[in-house]
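The structure follows.
Chain lettering (A, B and C) follows the sequence in which the chains are written, and residue indices restart at 1 in each chain.
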Amino acid sequence: MTGALQRFLPLIVTTAVLVVGFLICATQFPNFASWRVVANLLTDNAFLGITAVGMTFVILSGGIDLSVGAVIGFTTVLLAVLIEHGGWHPVPAFAVALIAAGGFGAAMGGVIHVFQMPPFIVTLAGMFIARGLGFVLTTDSVPINHPLYGELNDMALRFDFGLKLSLPALLMLGVVVAAVVLAHWTRFGANLYALGGNRQSAELMGVPVGRTTVAVYGLSGLLAGLAGIVFSLYTGAGYSLAATGVELDTITAVVIGGTQLTGGYGYVVGTFVGVLIQGLIQTYITFDGTLSSWWTKIAIGVLLFVFILLQKGLLVVWAGRGGEPAEA
Amino acid sequence: MTLSAPGPARNLPQYGALFAVLLANWLLFPDFFAIRLQDGRLFGSLIDVLNRGAPVALLAIGMTMVIATRGVDLSVGAVMAISGAIAATMTGAGWSLPAVLAASLAAGLLCGLWNGLLVAVLRIQPIIATLILMVAGRGIAQLVTEGQIVTFTSPALAFIGSGSFLTVPMPVVLTIVVLAVTALLVRATALGLMIEAVGINRLSSAGAGVNTPVVLVAVYVWCGLCAAVAGLIVTADIRGADANNAGLWLELDAILAVVVGGTSLLGGRFGLVLSVVGALIIQSMNTGILLSGFKPEFNLIVKAGVLLVVLLLQSPTLTLFLPRPKGARPIGTVKPPVAPTSGGAKP
Amino acid sequence: MTASTAPPSASSSGPLLAIRGLSKAFLGVQALDGVDFTLRHGEIHALLGENGAGKSTLIKTLTGVYLRDGGTVALEGREIAPRGVEEAQRLHIGTVYQEVNLLPNLSVAENLFLGRQPMRWGLVDRGAMRRRARAVLQPYGLSIDVTAPLGRFSVATQQIVAIARAVDMSAKVLILDEPTASLDAQEVAVLFKVMRTLRSRGIGIVFVTHFLDQVYEVCDSITVLRNGRLVGERRTADLPRLDLVAMMLGRELEAAAHRIDLGPAEVDSRPPLASFKGFGKSRSVEPFDLDIRPGEVVALAGLLGSGRTETVRLVFGMDRADRGEATVDGQAVRLKGPRDAVRLGFGFCPEDRKKEGIVGELSVRENIILALQARQGWLKPIPRHRQEEIADRFIRLLDIRTPDAERPIQLLSGGNQQKALLARWLATEPRLLILDEPTRGIDVGAHAEIIRLIERLCADGMALLVVSSELEEIVAYSRRVVVLRDRRHVAELRGGEVSVERIVAAIASETPNAIASETPVTAGSGAEVRQ
């Protein structure tokens, strides 16, 4: 099945990078290959993974969402203000935060569709607005001391063989599974891929372009809101400067995961692996102790370059088979 | 030969906006226009606006030409960090000022060359191509400074950030010089015309014999150089290099300045002076918000508001008057003016 | 197969689709004027016509992209007025375009069922979708991996998938808009087999093509449009080729074939300025030989899609030839891109002015000096006053109607844009100027001016290579005409041989072994008009 091999090549390469990377780490550091390291990898990158899933959907549809980091920051502040200053119970606060974040994303999607503006610039404005709103609520880092936070943080799923999955890790895994179903077993998923493949053709084939655009940015906002909840659990505080640069990390994870930034090709699972690769590099550097943190960025930049080249090469190969006419 | 391509009437909104913002500042803060001379250097809120606006203005100059070719450069903030890191580290190691400046500028040039080759030769979308350096560049800057905040004491380099020339602060002088050199480079040669031609219609330009790859590489190289100068100014001003935070998010401010300055994100006609005016509008608002006692955090919301208003003003114009070949407009809304030919437009 | 099969039963007595008096105008231009069109059950019906004939408009009115201004459209006796592609599809009218309008990134199965996926428990039943996709494609003889992305398959396969989708969505009328334009002979044969199968199932097929051989191979009837009007409808068997070409081009030719005598051609012994040997590109134009001498006008004639545009694009380096060699002044040259051609002193006014010619937002002046400036390089700018001089000179010389040279060129009329493009190249004083449909979409006055200009340029010693559908024009200004058909150079007429009748005859002539023959036609060996 060379066809399937070719189709999944980016995914296979990404997974191979993760596996080889893990093996290298395991041979270098004797106590690396442990369930504790795996559990930490999942927990530490949970908010990133959840956000990256939303970003994958947006990019698959041919767009981009630069506001996700700001939405995470805003969500943590909103939660802190509602729970600590407003005396709310966390559960209704979670609901309000999710609705606000999802609505914010959907509104951006609406602007993108109605005014035919580039997603890049609309979500850039969205990033400013979300950060600004966070600052308006409070510029301080507000600790959240509600007892439920402690309980949630203690929640974990323990397996007999030694793996202990925290709530954030479980949430991320759940989101990834749900996203795979959404991408491949619903009409919405097919419409997303269609939109990213060719907007005009998709429209001709009956894809509801406007509704899909609003929905995908709404979904991205919603997931960023969920990531914000996870982030506030993880840090136990709300801070408007939280999660700066997360939009960049998620886009990088999406690309390393084999999704075409031009839309239409890619897999949610790839993004998940991309997030883990980024986490692995960080963990390696922590374990090493002598390597400096900036190597993370350089390594990720190199990976980004290699994967973009790989995608470019694959597109050329596909086009060479008589797919799309080569543009001058 | 004008520096800003569109006619004077089209510049009015930008100058009007700058005037309005300055007026508002003056109303809120009557001393706004007060300028005093102290130790041979001008001081005052207005001077402050110019001085603090200099880095973004410099980035905006380079970014303007990149955007005019229908591209964007997300890496300018990271390039600033690299150039600043090199300058501070080399100065600390005792290198002479000319060597330091040459090395910093060369770094900016190399970064621009990298971006330009990715865009022009490998034909990677600009957003994606420059994303690579945006991610890795900061790592490279930290590699140079070895993760430290490198400080230096050399008065020669510090002069670039805090010195003055004929009473005018050096950052302002440098911005004016770069603006003048850039304007000369693009308007006294045919480069400006070619940049605009490539941005408006790459196919037609190539068909007329324009060397489109060279034009594309040139604008990214120049953008890298501008970013390097901006990085030098920031480093010289704080007498140190903070690879983590130098130029952080300034690429977005630069894009905003260009958009406010009226250059379309879809490429084409550009105005260098107007982009600098855009940068000054943004800086004046920052200063005004500070002076009026609001939290500086309001800046972001105001910026977003300005961005949206400018885009909304541009949006109907763009969709009505400038039909684009790749326009994602709904089918059937714009009919061809003549009977469609079966050979021409395919659905 | 599926429920879509419309048995040629009771309703087959009346026509499947009856269009009467269809009219459509765009901003005062009458694109369709009282056109009738009748499609019967189980019929393949060719819709033919040159540029601007109204084929596209007719199809788009049928598929709901445009709303008609007047006339009636009846499907099986019921009046219909679709307001969109989807609605047309619901009304059993399916369309497949030349550039397949499916999604190359989705799998074959997803393309077939997008928007109507089989569902189970609220989720897409991928297994059922795969099975149904295989079943849908099976009658077409396609046993491909339906889970593979569509873009990995050849254009021919994509076409068939598009047809299968349209038919499976219960099409009774299938419109194929130039489906064979980028297929090779074998792929065309497969497509024709599919079309014949569908015909036998009672589906009516509207077939738009530019290849006459294909019309005679597969079509039952022919409707010809010209300038938005109906020229006539004929049974294919009753319509000789020559009459068909005459109908398309609008000539009354009584026995034109008789007047063809292969008289001695004038031999031009001067060395050619540019010479192309075995030049060609696969899937674009068959290898050809072409010599162009200084001061002569060589015209390329042929129907739309015959390889005229492809030929000149290769000559200018807009597309890269993958075989053959080019020499200029006896020196071998490489044409890697337009810049090489410009350096050799070539100029090219493309057919699609908007997309490949003008730089819309730049002024008339800037558009005129662009090529000259590009050749000089960016370091040697043409001084502003010199630019104005050049622009003003050509605005006067070519009578470009613009208030001033600073007006954005996109605001000018098509004819004036064309003249400005001419000016762009004239300013470079080219040795060889290539014009692709220079008079297309231009009003009558400008038309005549451009012809006069071509004659003048030629007299000045410039070589011209012109593509035009206007045969009278070609005859008026060229002394050598290369005739193309089905992407091949099939004949060359010289001097006294050049006449509308001969060109038409050459276009209409049948080539024996049209598909098998790979040998380039030698254009230098005198006239070859095979009848």
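Here is the rule we go by: a residue touches a chain if its C-beta (ideal position, glycine included) is under 8 Å from a C-beta of that chain, and two chains touch if they have at least 3 such contacts.
Just so it is clear, the structure is predicted and the values come from calculations on it, not from any experiment.
Chain pairs A-C and A-B differ in how many C-beta pairs are in contact, and the one with more is A-B. Using CA-based centroids throughout, the chain positioned farthest away from subunit B is C.
The distance from the centre of subunit B to the centre of subunit C, each centre being the mean of the chain's C-alpha atoms, comes to 45 Å. Rounded to whole angstrom, the centroid-to-centroid distance between subunit A and subunit C, based on C-alpha atoms, equals 46 Å. Here the spacing of subunit A and subunit B, counted between their Cα centres, is 29 Å.
For subunit B, the set of residues that touch two or more other chains comprises 203, 206, 331, 347.
Those residues of subunit A in touch with two or more other chains are numbered 200, 204, 328. For subunit C, the set of residues touching two or more other chains reads 99, 101, 318. The touching residues of subunit A, counted against subunit B in their complex, run 64, 115-118, 120-122, 124-129, 131-133, 135-136, 139, 199-200, 203-204, 240, 248, 251-252, 255, 261-262, 292-302, 304-305, 308-309, 312, 328. Across the complex, subunit A meets subunit C through its residues 3-4, 6-7, 181, 184-187, 189-191, 193-194, 196-198, 200-202, 204-207, 264-265, 318-319, 321-325, 328.
On subunit C, the positions that touch subunit B within their shared complex are 26-27, 29-31, 49, 51-57, 60, 65-66, 97-99, 101, 178, 208, 228, 304-305, 316, 318, 337-339, 341-343, 348, 350-352, 354-362, 366, 370-371, 373-382, 384, 414, 424, 440-441.
If you check the complex, the residues on subunit C that touch subunit A are 85-86, 89, 99, 101-106, 110, 114-115, 117, 123-124, 126, 145, 147-149, 151-155, 318. For subunit B in complex with subunit A, the residues that touch the partner chain are 72, 122-125, 127-129, 131-143, 146-147, 203, 206, 243, 252, 255, 259, 265, 295, 297-304, 307-308, 311-312, 315, 319, 328-331, 347.
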